[in-house]
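There are two complexes below, and they share subunit A, which is joined by subunit B in the first and by subunit C in the second.
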Partner chain A sequence: MLLLLFQAAGQSYGIEAGCVVEVVPVPRLRPLALAPAWLAGTFTYRGTTIPVVDLPALVGGAPARPLMSTRIAVVRYQGEHLLGIMADNMTETLSCSQEELSSPGVRMDEAPFLGDLLPAATGAIQRVTVDRLLPDEVKERLFPDD
Partner chain B sequence: MAERCWKTVGIEGDGSCPELAALAHCRNCPEYARAGRALLEREVSEEQRDQWTRAVCEPPPEQEAETFPVVVFRVGEEWLALNAHAVLRVVEAHPPHTVPGRTGGAFLGLVNVDGELLLNWCPARLLGLESQSQARRLLVAARDSERFVFSAEEVLGLRRVPRTALQNPPATLTRAPATFTTAIFELDGRNVALLDENRLFDSANRSLE
Partner chain C sequence: MNRYLARFTLAQKLLIGGAGFALPLAILLYYTVAGFNRTIRDAEAERAGLEAMNSLRELAELVPLHQRLAAYDLGRAGQAAKQIDVAFERLGRTRGAIDRKLVAGALEHWRRLRESQGASPEETDPRYTELRETITRAIKRLADDSGLVLDPELESYYLMQVAVVFMPKIQDDLADVLLSVRRDLPKGGGALAFATRLSTLDWAELEHIRETARSATAGMQSRIPQLIEAHAAATSAFLSKAGAVNLEDAASIEELYASGDRLLAAGSSLWQASCEEAGALLNARVAEARTRRLVALLITLTSVTAAAGLMLSVARNTVRPLEHVAAVAGEIAAGRLKQAQRGVSEDQLRAVIGAAAVPGWARDESWRLLDAFRGMCGSLHALLGDVRQSGVQVMGSATQIAAAIRQLESMVGRQAASTRQAEATSKEIYATVEELAQRMESLSEMASDAVKLADDGMRSLSGITATIDTLSQTADGLSGVLDEIRRQSERIGAVVETITRIANRTNLLSLNAAIEAEKAGKHAAGFSVVALEVRRLADQTAVAALDIEESIGAMRESVQNGVAAVEEYTAQVRRGAAEVSRTSESLEHLIEYTRKLGPHYEAVNTGMQGQSEGAGQITAAMRELSGAAADTSSALTELRAAADSLRSAVAVLRQGVARFSEEA
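== the complex of A and B ==
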């Protein structure tokens, strides 16, 4: 499988490239009033307004930095919705096999999207499962049609 | 490794870097890649942000129409094309060795192409066009293990043609090439007939019977 790598709060993460529609530079985002800090806002992607998750903020760190290397992965969330994932250093991909991944040992109920670890020379890369990214109450508000 | 080492010991410097022999070029070196990525560690200007906002808002650029490669050549007054996968190579023309009792009509004789004796045809006669003047190039074409050499006066070379540019040959076309022509297309103001290579090869084989 191919992982799209990025960084959040100093740690490396990866999402499966199969669910990524496009990696785009960060445009001007329209903030969502009264939303949690990790919901960075919305932008118009190819004619559709889509929400953007600030992944570094979601995992408890500082928000994504306003640098050229910070990008948004437009992903297919739960099969039908488009969602933007913004993170730092989204500049590389890595090919790995399922066998190379190992369980992190600890499961955080607050972060059900964090998955298995891939050992790497620069520190382990943790897999992020896109479909589990949003808590139910946020998902219901962002995609009320379901 | 020193900063901007490619300028001092790498390809833009004296080439003394011990890694260089194995990597052949600094662009294969992780140090070079790291320096390249560092260029992205910059703040984004307001102007750039506006440009990106407009760019991601627009629908994606349309995919270019599907194209396929052809070899375009001239025989007499006619511009013809063969599917590129049927053409092996194009070589300088030289006079064929005539074969007594066989030569005449469309079959011109044997030509030596890199030590291999191949059969040479005049496509104009196969197609029933006016006889050509002077062949300057030979098109070596292939179907499986069969080889066919066709004389041409001029070869434009490899061109990519969008499938959407193909038009049906006019039904009123009474000349013989119509039966060999699968489609016509325009290329730089010329009308080019795309030939059905199988019919052309069959007709070449028949001319020997």
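== the complex of A and C ==
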């Protein structure tokens, strides 16, 4: 299993490479009016307008910084929709097996997308489950045709 | 005119004025009274005429009656004769303006008639006729002479007309008719004579008489109208009887005669009444004229007496105060002021004018004059007091002036001494100024030396300025080199950025490649390793680029410091150049001033000479001043003399005033 690594609020996180369509540099985003702070906006990816989630903001930290290493991972959300995940330091991948992962011990109801922990030399990497990223009401707003 | 009037006293003038008024008044009064008197006299004459007229009227009626009766009724004829005698007697006593000659003639005729008693009518008739004509003439003359016919009052005029003109004629004619009745009718064929007689009676005239008498009834008389009516009735009765007379019947003739007699009696009553009423009117007229005369006299005399009294009172009230004022003025002139004041006291004034206390508003000019005089006496008294006091003050002032003059004299003496001292001092000033002028000249020379020295300083300063300019240019060059270095380092920075961007893209590519390889599974494991390697190279490149960037940053910082240092240095050099430039400017100003000072010294020198001349003039002026002081001294002497004469004048004034105060 390959994890695409990135950092949010000083902590390392990873998403499964299998659901990543492509990693792209941060383009000019069109902000969503009256949306929560962690919805950074939308952009056109290969002819499709997709929403972008600011992950550092979503996990309760400062918004993603405008650096060269800050990128957007275009992922397939619940099998059919495209969704952008913006985060800092999205420059590395890591190969690991399912056995190496361990439960985090505490699961917050407000953050159902945070999964198991992978111990590493630079600190633990938490797995982020893309399909649970959006709360239901946001999901209904973003993809109303379901 | 005024010159002549001024010779008379006030009383005389008033007398003249009064006489001027009284004279025309007296003349007017005379004419008025004379007019009344004339009216009264005329009326009296008329009254007397009327009295005489009464007697004549009786005669004019009695004589025809006697003529008628003489033939057949001797008894009544004798009675009539007696009455005629009485009438003549009365006529003789009357005061009227009767023609005595005519009366005497008539009396003569009558005596002859009485003597020819028993004569035939043919003998006596001419005598009767003559007597009647005489009486008629007497009536006419009396009417004319007494002014009865020309009576001026309309009221009595008509009555006069009836009494004097108409009635005598109609009665006379009627008597003839009756005579004819008595004589002619009883005879056969006497009817013609009667008719002739009757035709002589003018009935229209009779009507006219009645009208006239009626016109006169508007006045006071009341008997006339009835009498006129009675007369008219008697006339119509007589005429009807005359128309219906039967000449054969003696009784009818007798009736006609009786009727004629009644008519005659009625006419007589009317005549008498007219005379009496006219007399009454005349009496009334006289009484009224007398009343008017009395009223006119009373009014005129009363008003003249009152005016004379008022004039006398005015004269006395005016003259007495004036005389009193004249006496008081004499007292004042003689200097007896207290007596004069007593003379114009309120009580005294009241005694002079002769009146009790009079309120202010009712006081006439004399009062006001006396009041004013009293005020004047009071003012004069106060004035004298003031003059006396002022005399004392002026005397004191004169003494003070004399003292002041003495003081002034001593001060003038001191001034002369001071002036002399000032003269000496000004001479010393003159000498000092001369010396000062000499010193100024040497100062002027020193100033021109200073100008030369300053010129030398200027020259060396321009050398320094040139050196500093070179220094400044060098610094500018250094600054340019440093700028070049900065530009080069910036270029290197751009290259490093490009390298970094490439490394970034490479990293991205290798990431996506790794992801794709993961998706491809085990077949792409080798591709995954290559991707990892590419990613490591890209990271190294990025690290190298970071190093270069750091070095360039350090170099840029040092260059920045160098540029700052050079700029600081350049600024200092520029400040130095400005400093030198300012110094040079100041030096130039100094030189300029020093150059300009030269002429100033000249001016001061000239001024000094002027001052020295001025000092000389001051000395001369001081000399003149001392002469003026001497003149002032002599003027002061004159002033003292004037003060002395002022004092003596005041003494004379006090003497004059003392004359007023000395009296008791």
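A few remarks follow.
Heads up, the rule we're going with is that the second predicted complex is superposed on the first by the 146 of 146 C-alpha atoms of A that agree within 3 Å, B and C clash if a C-alpha of one lies under 4 Å from a C-alpha of the other, contacts with A are read in each partner's own complex, and residues count from 1 in each chain.
The criterion applied here is as follows: a contact is a pair of C-beta atoms (placed from the backbone, for glycine too) under 8 Å apart; a residue touches a chain by one contact, two chains touch by 3 or more.
Owing to the predicted nature of the structure, the values given are computational and were not obtained by experimental measurement.
Using the contact criterion defined above for the overlaid structures, shared-chain residue A:127 touches neither subunit B nor subunit C, since it reaches no partner.
Applying the stated contact rule after C-alpha superposition, one finds that A:4 touches subunit C and leaves subunit B untouched. In the superposition on chain A, A:17 contacts subunit C only, with no contact to subunit B.
In the overlay built on the shared chain, the residue A:46 is in contact with subunit B alone; subunit C does not reach it. With both structures placed on the common chain, the touch criterion links A:91 to subunit B and to subunit C.
By the touch criterion stated above, A:68 is placed in contact with subunit B and with subunit C alike. Shared-chain residue A:27: touches subunit B; no touch with subunit C. The intersection of subunit A residues touching subunit B with those touching subunit C, taken from the two complexes, comprises 24-25, 68-69, 91. In the complex of the two chains, the subunit A residues touching subunit C come out as 2, 4, 17-18, 20, 22-25, 68-69, 71, 90-93.
Interface residues of subunit A, counted against subunit B in their complex, comprise 24-28, 43-47, 66-69, 91. Partner subunit A is touched in their complex by these residues of subunit C: 500-501, 504, 507-508, 511-512, 514-515, 518-519, 535, 539. The touching residues of subunit B, counted against subunit A in their complex, run 37, 39-44, 49-50, 52-53, 55-60.
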